[in-house]
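In what follows, a single structure is set out as structure tokens and then discussed.
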Amino acid sequence: MADPSEKVTITLDGRQVEVPAGELLIKAAEEAGTYIPHFCWHPRMKPVGMCRMCLVEVETPRGKMLTTSCTMPVADGMVVETESAVVKKAHEGVLEFLLINHPLDCPVCDKGGECPLQDQTLGYGPGESRFVEEKRHHEKPISISDLVYLDRERCILCARCTRFSEEISGDPLIEFVERGNHVEVNTFPDEPFASYFSGNTVQICPVGALTAKPYRFRARPWDLEAVESVSLVDSVHSKVSVESSQNEIVRISGVDNDPTNQGWLSDKDRFIYEHVHSSERLTTPLVRDRDGFREASWGEAIGLVAERLGATPGAAVAGIGGARATNEDAYAFSKFMRSIVVTPHVDAQLDDGLDPEFAAAVHPRARIDDLEQAATILLWGPDLKEEFPVLYLRVRRAAAHLGATLVVVHPRITGLDPVATHTVRYRPGEGPAILKKLAAGEGDLADVRAALGQGPVVALVGRPGLGEDPRLAEAVAAFARDLPDATIMPLVRRGNVFGALDMGLAPTLLPGRVSITDTAARNALEDEWGALPDGVGSATTGILSGLVSGEQEALVLFGADPVRDHPNPTLARSGLEAAEFVVAFDLFLTDSSRLADVVLPVAAFGETAGTVTNLEGRVQKVNQIVPPPGRSRAAWSILDDIATAMGGSLGATSAERLNKEIARVAPVYRGVTWDMLDWGEGREGIVVPLPGVDQPLRHIPVDTGVATVTERPAVHTARVLYDDGAMLRHCPGLAGLAPPAAIHMHPRDAAVLAVRDGDRVVVSADASVELPVVIDTGLAEGVVYIPFNLVETAPLGAPRSIRIDAVREDAS
Amino acid sequence: MTDRILTVRMEAHPEDSHTLATYEATGGYQALRKALTSMTPDDVKAEVKASNIRGRGGAGFPTGVKWGFLPDDLRPRYLVVNGDESEPGTFKDRILLERDPHQLVEGIIISSYGLDVHHAFVYIRGEYPKPARRVQHAIDEAYAAGYLGSDILGSGFSLDITVHLGGGAYICGEETALLNSLEGRRGEPRIKPPFPAVAGLYAKPTIVNNVETISNVPWIVANGGSAYAAIGPERSAGTRMFSLSGHVNRPGDYEIVMGMTWRDLIYGIGGGIPGDRALKTWIPGGASAPWFVPDEHLDTPVTIDDVGANGSMLGSGAVIVMDETTDVVAAAHRIVKFFAHESCGQCTPCREGTTWLERVLWRILNGAGRPSDLDLLLDICDNISPGLRWPPAMTTICPLGPSAVSPITSIMRHFRDEVEAKIRTSEGASVG
Amino acid sequence: MTNPIAGWSHANQEHAKQIMARYPDVRSAVMPLLYIASLEHGHVTDDGMRQIAELTGLTPAQVRSVASFYTMYKRDGVGRYLVSVCTSISCFLRGADDVLTAVEEATGTVDGETSDDGMFTVEHVECIGACGGAPALQVNYEFVEGVTPDKAVALCRWLADGRPEVVRSDEMQALFGGRPSFERGPADPEGAIAAVPAFGPYGSAATGPERGTR
């Protein structure tokens, strides 16, 4: 590729323009204000020049030549005509050809009103058709997956969907079949388009050939309202456009931006909105009496919470959650717990993440876009395809198309293995030994070590599985830090967990990436908040144990579901049951909030505005487009009412006001305002701190010396994209997509146990469950893998060691 | 002067020209010995360049020039021999593959030596099992005799040849479609540039040459490029295989020196028209080429340039002759139908346009033509090949789509009254 | 890992391995493997495509995309004899349409279909490179040139009655052919055992009158 800063001059319809050297003509022209019609070209995919719509005339030594502008790089002095008579005739011709077999069903087509074929026919097309023969016929929409319909009659064969699947997502399940005039797009019989990314093909289909089942016939494009926002499915924070009709969110589309998602989304990002309008949403406060929950007024519920919390000594109250909320909500929660309740026990993570200082403030920190320049990528963390699907696309792009060397260290085959240069499999618990060997470049890891010597290196580190010691990630980061030009990206998944940590929702942190031990910063905060509690609080596991032992009495669950999400669900349940008082802020009754005394219904995604922070530290804005249902409200305003009822004040009259307070009080957020994010340089988000602002806590990773544990079988427990989480359960489109629960075993381990594929075994840790066996050659020997938080595996959580007993049918 | 190069052996030894024994007994593999023992790779390239041979696959591109496009610094490189021969009317590579496979194999080895290639492929259309068997046997014999494999004839040069059978798709004759097919993909032509010489098979520098082109290489190396260049007219050097078919008394493959007239070819070599019927029209270079008519072209010389100057091409060397009884609309329809069937389907104008043309012609043939169809046909053609020029301008990736235009512009130009008459009859038919 | 082609004959498994080893990139083996799969299953089946996908690391959808591009990978059942009548321009000029009609009548089936007894599949095909011997046809891709409607009928009867295990071009040409495209030299002992090109490495060629090598 030519240096993007280098410019050349071309003549475009008689006008001299400067354009980046080597850029495709179609793009260069568009940037220079000349739109060239096209169908198959997509700026994020390699050009194929198939639809022939983008033809232009270019002068050559042998005269003017028609050529596709999507395949032609600009060259200095190039003379181009985009509107000559020949070009116009070619455009009309191509459109006529496309229309001869295209059905005229625009009035009932989901794409009608926002269809490039419709638009271009108006703009460039012939008047009427001269085609008197019969059109091509196919069965009307066929279902090609749980989420997507395909109408082959409407398809114009631009190959965007097939290319996306092969080139971008790496799961070519939808392909051209047949040849010539019989070409159609289709899946293999009985192999649905089961891609985590299928919705992107719906979005980029230029006609209504691919449609999303959840959206089908829900709205007409001209009735839609839209706001920009970001997806909170994981901490990547892909940019989205949220569209509603009649106060219901009906569609989410990816917005193209360079820093995060480059326009793409996972299907979870795209269809998760369905939970927002679930009939199971909580719409009114609930208060427990002898017979269970009853509906209550806000006044009663708030009064009760204020009374119970007020009656409990501050340090005996703990708060868990905030990682699914906006920064404003998280800030309000942090301030409420620390200055109204006055307790040090707050934690946004559920001991399924990383050390908070490391996650919030690791230095030097990577940006997603660093992957574009990376020579080498080290991934020692979760399977990105399952837990960070859009980041998976970015890493895949770097490895498959940008030439980066990718090293994946994981107990099991991951989604990125097909494009990885080196894969290292190991047993959970033995990570420290493997790391030592890798750092020394010993034995079979010599090649891998050598590969890591090429900079710039981007290290993506996190916990490969929930049973893995979080300190391993820090040790990996400590090693990676010394690699050439290395930057580090901490991988913690939950929606706005980085925002919550930055708001101080961790035992060791105060708002704005401040360590709780930083006296100066602490004093400054006390000027704003009043006296802070003494000492360092407990993290979630400590809080739950404290509840069991009685040291802790009351618990505030702020959008957290520890019974489902904590690695030890048995402990979580006992803790909640032992608590004297539990108040839960939630969207639904979950396994955790069901155990609460008071449940407060909060606003969901799309129902509030606020800021959020992603894993790079990028602050972006989420926006409101629909009202919250029933009497549910923004969480910050509920907290404000409780604070008032407790005789204090959060000063939270609006989310925007909270934002201003954050921008004043939280050091790294200094100067970051909504205005800036809505209109200013922050449209693509702002990575905090802004230039010139100091980051009080710069965490340099250190090897904390976690010991190698050798356990057989070693247990690998990890999340899958579609689990039995509270939100997914309420999305009709996604709920059925969770994989079947199972315990995966290496063939040799299965042989030792004398079990075969499909046999059932009892797996016991704190709880026992019966699961079918899947023989999995993608595992390291001596490791079993159990997907976390499926209906059947949820009681197990993420145990470090288990017992497996084969269930023998009585052979009588 | 030599008037045959490629077919001498099969003529002289009809029983066993394909065997190694006969090949060796008639001077075979001497050129290879010469190349490996007394020539550098650059010498080999220089001889091929000096021969002025132009590719026999259709486009007539000078082979030596093409070989010169290989980037110096990239390895591996591949040589791919195009034996997909599917252009209607063409069957000349078939005879070379079947009856003198060692000539091709020797050509491949010498060319590979010249090009620093160590793995060559022969892509043979799937419908040619017997030619493929013969080539495979020749390759097996050559391995056994030490002409293939490692350290050939002690020279240090090594080469493997793989025969790859097509699956039934004319478009795979187009070189980049062929490469995709060889890579196990759909045979869809690629966007050029990059040309195969820069990024071809497995994205590596690749030379694609026709079977006939490469079969000439042993002679060129044995006798010198200038000897080859001396044969025939200046810009149509060497001998050339022609496939004669249709309404001629002696259809078949003929190796001739270019420069004779079409009259010589059709009436002399071809033995004239059966039943002494009148010649109506002929296609000078395969189904893609615009047609010639006796009034204008019978005394035109058979050279690449003269045919080009008259708005057609020698193409693949297929001469299809039609006598006065021929229904030219039906003939054109048959050819257009071929292209519609063989379109790979990538380009909108080709996929939709060739099929549309075929259906309009079919309507006309079946009594449902309309006066507006004349303009419609030409306008569809114009949207595939703007300006209806020769050589064709294209709205498509490869020349297949524009090829379907040739028969239509040909009948419109030379036999418009016949087309109009057909439409008039159908109007009558539909009214009455 | 389980052997994805466990069902294949030993000879075909061996061929498959050799073929995959022959290319710098295993994906190149898809087309030859499709021929082997056709031999195994009589035509290209979904299972066959799945097996090839597993061997080459592609998805079944990718294999099908390739297979369906080419006309020789038959995805419906094919009769014992695939009779392909060329109807392209040179054969057309010499009466190919009548040959096709004669073949349809003689085999009791129509263009694109298989006879009820599973003996014949008839198809019209584009140019097969036998224009000098027009009109021409192929039986299991073995050429017969210079046929007439009558000779074509006789050929079909001969096939139906004799049910040769192996069809050989030379034999059919001598019995039912006319003027060929060119003198074809010595007789070729090899022939086809199924509607797959009889090319040794793909396992479908057979020598001599004995049964095929499958």
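As written, the chain order gives the labels A, B and C, with residue 1 at the start of each chain.
The definition used in the following text is that a residue touches a chain if its C-beta (ideal position, glycine included) is under 8 Å from a C-beta of that chain, and two chains touch if they have at least 3 such contacts.
None of the values given here were measured: they were computed from a predicted structure.
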So with touch defined the way it is at the top, what topology do the chains form here? Options are line, ring, star, complete, other.
complete
Using the stated contact rule, I'd like to know whether A-B or B-C comes out ahead in C-beta pair count.
B-C
Distance from subunit C to subunit A - Cα centre to Cα centre, in angstrom:
52
Which whole number of Å gives the spacing of the CA centres of subunit A and subunit B?
54
Centroid spacing, where centroids are CA-atom means, of subunit B and subunit C in whole angstrom:
24
Overlap residues in subunit A, where contacts from two or more other chains coincide:
176, 178-179
Show the residues in subunit C shared as contacts by 2 or more other chains, in ascending order.
65, 69-70
Could you list which residues of subunit B touch at least two other chains?
169, 186, 341-342, 344
Within their complex, subunit B touches subunit A through residues 169, 186, 191, 340-349, 351-356, 359-360, 363, 372, 376, 382-384, 386-387, 393-397
Touching residues on subunit B, where the partner in the complex is subunit C
10, 14-18, 76, 85-91, 93-95, 98-99, 119, 125-130, 132-133, 136, 162-170, 181-188, 202, 243-247, 251-253, 283, 287, 318, 320, 322, 326, 330-331, 334-335, 338, 341-342, 344
In the complex, the residues of subunit A that touch subunit C are 166, 171-179, 186-191, 777
Name, in rising order, each residue of subunit C that touches subunit B in their complex.
22-25, 27-32, 34-35, 56, 65-67, 69-73, 84, 87-90, 92-94, 125-134, 138, 141-143, 169, 179, 181-186, 188, 190, 192, 197-202, 205
Looking at the complex, which residues from subunit A come into contact with subunit B?
47-53, 55, 65-66, 68, 71, 86, 89-90, 92-94, 96-98, 100-101, 130-131, 133, 156-157, 176, 178-183
